[in-house]
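Below, subunit A partners subunit B and then partners subunit C, in two separate complexes.
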Partner chain A sequence: MKESLLEILCCPLDKHDLELENADYDDEEVVGGNLVCTECGEAYPIEDGIPNLLPPDMREETPA
Partner chain B sequence: MTLEERRDAEPDVYQPAEDSQLLAEAACERLAGNETVLEVGTGSGYVAARIADGTDARVVASDLNPHAVRQARTEGVETVRADLVSPFRDGTFDAVAFNPPYLPTDPENEWDDWMEHALSGGEDGRAVIDPFLERVGRVLAPDGVVYLLVSSLTGVDGVVEEAGDHGFSAVAVADESFPFETLTVLELH
Partner chain C sequence: MAGDQDRESNRDEVARREDVRDTYDRIATHFASTREYAWPEVEAFVDAHARDGVGLDLGCGNCRHAELLAADCESVVGFDVSRGLLETGRDRARERAFAVELIQGDAATLPLAENSVDIAVYVATLHHLPTRAARRDSLDELARVLSPDGRALVSAWSTAHDRFDATEGFDTTVEWTLPGGEPVDRFYHIYAPDEFEADLADSDLALRESALSSGNCYATVAGAEPTG
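The block that comes next holds the complex of A and B.
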């Protein structure tokens, strides 16, 4: 993801802003790290450059 | 790669079909080009990539399925793993496009894998469409529009009515008939 994506993202639970923490970069691209909610503190992982912004109870890899 | 080979290569991701094409064409024709656009349930990333290539819009794509967001990213689209529109800020998008899972499915025939999530709309075909209609208004900018693919198998009138309950007026902007269904792209304001 590009850092500019943060301008349109929010915490899926409480809709507050997210902060990028422990970011790994590949050129301009953020390929790893966490997006952390500035309000509730929930951390959302960036996996292979793709932020996983599913609520924690939906995060598993398996369907259903 | 033929369509069949592509389907075999990515069994966990819905690959572009007639409905994807109809939605991509309708959106490209109607967007002015400088919008910020979200494609929900992007699957392979085909529709999002077509909009990005065919317009100057900034396109973001989301999907619930981890395999789908990985494939869509290889199409060069910015992707987010998300439940519908839940991690996007209020009033962000000038347009939201969605080719939802819409096939009415008998609960006893649900087969519970990623492809089912891409295809099945539950018993009435609207298990995903209805929550989408309830939530999408929050992320739309003033004068923002929704492009929603609907099949006659789901029932277009029912979807139009449900959209109306959430404050949208619907216009059909494209349709195409096939032996077993008619596909319609609704533009919601």
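The block that comes next holds the complex of A and C.
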């Protein structure tokens, strides 16, 4: 994802802003790290460049 | 205890939504390979309402409609519950050199800011949400993220399709057959056309036009009116 995407992203639960933490970059792409809600503190992982913003109760590992 | 039943029912619903995600993760590559072309109804909508700004393909699958939006929009978001499908979207964007930002999420709890979207395509996705409450939530969420002068195209499979005899909406599963012949069930809610319009009318979206085409209900909608 591009860092500029943060301008329109929010927490799926409470709709508050997200902050990028522990970001890994590949050129201008953010390929890893966490998006953390500034209100509730929930952390959403960026997995191979794609943020996983599923609500936590739908996020558990997909069976192989 | 009613609370226990609510929790039980919530667990059941989450499980059913995860089933849809897992199904599409499983069939993603084959499914995407059969979804080469944009729908003509979506092309007509994008031609009529295309604009600068942010485009959203909600339930993007392999991003064939995100690709249409990318021709006009400043930026385009491809959004899907299935990680496997998003990866097919990323492949298509690379092969065809269009730009799309991919997000994995749930259509009933959008992680997008209010009024952040100028044009949206929400086709063939609403019917995969397992309860009317979840479908209604997703329409309200679309209204929240769509700017008041933004437009979205919403579609769902309908009872008007040749393969169905029913006149009332119903829940069903429709098999997807993998290349080896293995069947995989997918949940669908098949909408009666008047039920589709009623759900839109009850939502925060403003209904502008509706139509039936190729066995699908379509509606062009606008975002929620500003309050206060």
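Throughout what follows, the second predicted complex is superposed on the first by the 60 of 64 C-alpha atoms of A that agree within 3 Å, B and C clash if a C-alpha of one lies under 4 Å from a C-alpha of the other, contacts with A are read in each partner's own complex, and residues count from 1 in each chain.
Everything below uses one rule, namely that a residue touches a chain if its C-beta (ideal position, glycine included) is under 8 Å from a C-beta of that chain, and two chains touch if they have at least 3 such contacts.
Keep in mind the model is a prediction, meaning the values are calculated, not measured.
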{"item": "Partners on subunit A (subunit B, subunit C) - clash or fit", "value": "clash"}
{"item": "First (subunit B), second (subunit C), both or neither touched by A:Val36", "value": "neither"}
{"item": "First (subunit B), second (subunit C), both or neither touched by A:Pro55", "value": "both"}
{"item": "First, second, both or neither for A:Lys2, with subunit B first and subunit C second", "value": "both"}
{"item": "Partner chain in contact with A:Lys15 - subunit B first, subunit C second, else both or neither", "value": "both"}
{"item": "Common interface positions of subunit A, toward subunit B and toward subunit C", "value": "1-2, 5, 7-12, 15, 44, 47, 49-55, 58, 63"}
{"item": "Contact footprint of subunit A on subunit C as seen in their complex", "value": "14, 17-18, 21-22, 25, 54, 75, 77, 81, 83, 86, 90, 101-106, 109-114, 116-117"}
{"item": "Parts of subunit A lying in touch with subunit C, wherever the complex brings them together", "value": "1-2, 4-5, 7-13, 15, 18, 44, 47, 49-55, 57-58, 60, 62-63"}
{"item": "Residue ranges of subunit B in contact with subunit A within the complex", "value": "36, 60, 64-66, 69-70, 73, 78-83, 86-90, 92, 112-114, 116-117"}
{"item": "Subunit A residues within the subunit B interface of the complex", "value": "1-2, 5, 7-12, 15, 44, 47-55, 58, 61, 63-64"}
